[in-house]
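Take a look at the structure below.
We call the chains A, B, C and D, going by the order they appear; numbering starts again at 1 in every chain.
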Amino acid sequence: MKGKVIVRLKSEVSDPQGMTIQQTVSKLGFEGVRKVRAGKFFEIELDAADRATAEKTLHGLCDRILANPIIEDYTFEIE
Amino acid sequence: MKGKVIVRLKSEVSDPQGMTIQQTVSKLGFEGVRKVRAGKFFEIELDAADRATAEKTLHGLCDRILANPIIEDYTFEIE
Amino acid sequence: MKAAVIVFPGSNCDEDCRWALQHVCGVPTEMVWFRHRVPDDVDLIVLPGGFSYGDYLRAGALARFAPAMESVREAAEKGRLVLGICNGFQILVEAHLLPGVLLRNTCLQFLCKDVFLKTVRRDTPFTLGVPEVVRMPIAHGMGNYYIDTDGLKALQDNGQIVFQYCDHAGRVTAESNPNGSLDNIAGIVNRAGNVLGMMPHPERAAEDALGCHDGRYLLESAIRYLIKG
Amino acid sequence: MQEIAITPELVAQHGLTPEEYQSVLDILGREPTLTELGIFSVMWSEHCSYKCSKRTLKCFPTRGPNVLVGPGENAGVIDLGHNLAVCFKIESHNHPSAIEPYNGAATGVGGILRDIFTMGARPIAMLNPLRFGRITDPHMQWLVGGVIAGIADYGNCVGVPTVAGDIYFQDCYEQNILVNVMCVGLMRKDQLMLARAQGPGNLVVYYGSPTGRDGIHGATFASKEDPHSQQRSAVQVGDPFMGKKIIEATLELIASGAAVGIQDMGAAGLTCSSCEMASRAGTGVEIDLDRVPQRADGMNAYEIMLSESQERMLAVIPREKIDTAREILERWEVGCHILGEVKNDGLLRVKHRGRVVAEIPAVKIADQSPQYSPEARRPAYLDTIPAAPVPYPAPPDWGDALLRLLRCPTIASKRWVYSQYDHMVQTATVVRPGDGDAAVLRVKDTPMHLAVTVDGNSTMCWLDPETGGKMVVAEGARNVVMVGAEPLGLTDCLNFGNPNKPEVFWTFDKCVRGMAEACRVLGTPVTGGNVSFYNESKGLAVFPTPIVGVVGKIEPPLRILTPGWKNAGDRIFLVGGHEQHLGGSIFAQLWQPQQTARAGYYDEREPGPVIGPCPLLDLELERALQQFLLEANRRGLINAAHDLSEGGLAVALAECCIKSGREKMDPESGRRSAVEYLGANIEVPKVKCLASWLFSEAPSRALAACDPAKTAELAALANDFHVPLVALGEVSDTARMTLGKVMDLPVAELLRAHETLPF
């Protein structure tokens, strides 16, 4: 199975990288780009008996390693 | 409108970060995690007249800035 | 002759480059703000190390759009000398003035230490009189040079690889590769030979007070080349 | 002005006692608004008001002939001559780093940098003393990795070299790691800038990052036990790119003469910066929060005033200079927002959406802050520490014992750490991390060098807070002397548990008194520092951990010294005190004597309990030792020098061998030989306890190598200074460390042990 994980900064946490990208692209003439938020993406190949097990593993991975719940949220999809 | 962009390393480019995560999680006892590839995620708020314009802007952004075509591919969705 | 150092927001070796060029090598050196053009009478342009735009997104990715880069491109086309050090090298590849790309170090960590370099080409304007083996510091998190197979072959065939990481005796070995660079590549030139990008910092090794003067050979090579015309 | 009723519960939630709330009522002559309550709450938190520590801290000597600015400003400043001055300060970021190590440490670096450049100094060096728990624990490894990467990424990006630090791994930090950061800056003396809101009518200008809802009550957060259970909004993400831009913009603003006062927004954000600037200048400040650039929608006055968003600055600019200031700030793309102006009514007046939401006499928040003398009681554990030294039977193999010590993560090489820090940017680092007892930086365009170090052995402070406190200062000063520098001054970070526990406060008080006495005797004024209390979770407090940062100056005839042996044949001397015993040493934590229940070696990465007693320290001897070393250096009598600290004499000798490595170069090709090492040939005297001779960590001791032709002069000088000098042996060209029949090890093996990675 394949898990696709997106980790993003919580909305109240500031994202200097996103802000800097937004400012730079605006100056380059990409006008309507109002806001950019940067995050992380992980593609994970899993051996799992079933979807439920895969979900459990992914939750574990995200909680313990891929995201820090103090500043980040995550979502994932399984294919 | 909101664009969600995923940038990933091309499959032929090695990804030490993904490899390290994979090794770490295996050591921590997460079984069945066969492979991890790390990428980037961007959430982009756009003012665009319509979907087609938004798509054009996002392609432009990705081609010129968000991804480096020598090593990266991108995909996006518009909401 | 005259040199210029481009100051991008986030450059942090700009002043060190000026010090090495002007104070150590005695070349009048102008600081050029990234919004301005490089003056036409400048013979040597240095893109310094640092973290232009915080290295956000990818190192060099945002800096390449700086207005000054247009004049750097023109100068490069006219055959003036352009030297990109560390972040400067990253900007040059992102701006396509040099081929390839710099990825994250395979150890995934920033690495600051001295390395040995083999001077593969000792006939470029930057390497006349540079010994076969030199020592210089590196300080980067993204110095892992990558290019596809055809690109690498082209670099090799055209003799564009100028510096390779090596050991103290000049042997190019896997152990002496600090960051995973393809073919131990530490520095390359464009085909015309007037644009050099390198990860190691010659300006940090230009005085004995700092433990090594090997970097000075490189700066002085460029200067002598320009003075002789 | 009233919107929300101020109930006793609300007051309590803000950490104010009923008595403190009464003072608020007295100062205002009415009930506070919610915003005002928030302002008092953060300003009177332990972190901002030093309410428990202030009285004790008064015992530090803070004056000296060269002190230009002492405690009270953003950082201390010391005159260097040549129209230059050095500015330095240390800060803690323990609590945020415990829950988000990367950003917690990174924002700590950002914060201490701001303290330095707001004074008009260019940051030239960073140092980072760190304390972690057992390194074998995976969670601890995550913390270690995150903290180091956070420090690295911020410092590397802004281009300030991180040149020194120290790291201890000890069980007492398992629940509460310590992340302290120190910054050193260099300024032209005539560009000293103070954080004062001078000149009524002058404009109050905000620049840097926009304000968001982050870190509200961070200062209060740092003033409570157990960070893990606290509200988590107190962690922020640092923006080193903005950090770099505000460094350059601020220094340019100061050089242009456009600013008359600058303060960064650190703990307690806009509240603290505006109150402090007004109260220091005896003026008032009026600001309109609608002009504050905001990152989040719909923030109220309370949130804007208390936000601890990073990379924000406040400057006071005369009206006629505002165009100059605006040009500079906009060129650096940091924004320029006029919030209001300086008034002569002494009030901090805050407006929001057309209404006054706070109006407080600024000086009273600062001057009438509560002050306490918490109860102090000698902790009972001190009675369990043996008064007499524990006897140590010989371990099976002395060489093996030394190798174990060299592998112990607290002693082993920290190359794995400092290689992640750019320690060379600014091309001034002449003695790099790992190469000396302190880092040495050249001051370009002058004959001067600066030496900087941080030290803080908390084991000794736990065994005996007062003596331990003295030792910390003595070691810091000694370390700069070892590289050839005269100590100029000192900054300190005092990391302790909950001060409201009488036992904790007692150790705090004793430690500080010990430190103060050492500062007086050694002539190192304290120019500033930081107190971090509440490093305590689950009822477990860290060891009393005072950390000092010392700055010294090397000016000819003083010369730079390093520990590595220089010439075979040089005589090696042990200078200073007697070894005493093994109390408090790392050896005693690794090798448990047969008498105890558990005999034998512990794993280096999981040392056993600390065993006392604390060695004695004679401050007069310490001073004589330092003066002697400086004089011997002036006369050119010393070729290599190294102080004895963790691991004692044997480890110090090993380090001098390890650091003697040199290569030969063929000038034509540039090819080098493999690195070659010098060794040491040492005669072992007849001693009562060999273990103690080799591994004792008694203070006031150093190694010095001297040319054979100059040993008589060195001995005569030692005699003049009443400093014991013992000939140990000589530097050899064998690349072996040979101690009579006790041990004989190749330097390569010492090196391999020393370079062992902890995980």
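Basically, a contact is a pair of C-beta atoms (placed from the backbone, for glycine too) under 8 Å apart; a residue touches a chain by one contact, two chains touch by 3 or more.
Predicted model only: the values in this text are computed from it and were never measured.
Enquirer: Just to be sure I understand the contacts, which chains border both subunit C and subunit A?
Expert: A chain counts here if it touches both subunit A and subunit C, which gives B, D.
Enquirer: Sort out for me whether B-C or A-D is joined by the greater number of C-beta contact pairs.
Expert: If we tally the C-beta pairs in contact for A-D and B-C, the bigger total goes to A-D.
Enquirer: Using Cα averages as centroids, what's the distance between subunit A and subunit B in whole Å?
Expert: 9
Enquirer: Per the centroid of Cα atoms for each chain, what is the distance between subunit B and subunit D, given in Å?
Expert: It comes to 40 Å between the two C-alpha centres.
Enquirer: For subunit A and subunit D, let me know how many angstrom lie between their CA-based centres, rounded off.
Expert: Chain centroid spacing, subunit A to subunit D, equals 36 Å.
Enquirer: Based only on mean CA positions, could you tell me how far subunit B sits from subunit C in angstrom?
Expert: Comparing mean C-alpha positions, subunit C is 29 Å from subunit B.
Enquirer: At which residue positions does subunit C touch at least two other chains?
Expert: In subunit C, residues 53-54, 56-57, 62 touch at least two other chains, as defined above.
Enquirer: Name the residues of subunit B that each touch 2 or more other chains.
Expert: 28, 65-66
Enquirer: Can you list every residue of subunit D that touches 2 or more other chains, as numbers and ranges?
Expert: 239, 241-242, 333
Enquirer: Spell out all pairs of chains that touch, sorted by label.
Expert: A-B, A-C, A-D, B-C, C-D
Enquirer: Which of the residues in subunit B end up touching subunit C in this complex?
Expert: The contact residues of subunit B facing subunit C are 12-14, 16-17, 20, 65-66, 68, 70-71.
Enquirer: Mind listing the subunit D positions that touch subunit C in their complex?
Expert: For this pair, the touching residues of subunit D are 149, 152-153, 156-159, 239-242, 244-245, 331-333, 418-427, 429-430, 442, 444, 663, 667-675.
Enquirer: In the complex, go through subunit A and note every residue touching subunit B.
Expert: My answer: residues 6-8, 18, 21, 24-25, 28, 30-48, 57, 60-61, 64-66.
Enquirer: If you look only at subunit A, which of its residues touch subunit C in the complex?
Expert: 16-17, 20-21, 24, 27-28, 38
Enquirer: Which part of subunit C faces subunit D closely enough to touch in the complex?
Expert: 9-10, 12-13, 15-16, 19-20, 33, 49-51, 53-56, 109-113, 116, 119, 131-135, 137, 139, 141, 168-170, 201, 203-204, 206-207, 209-211, 214
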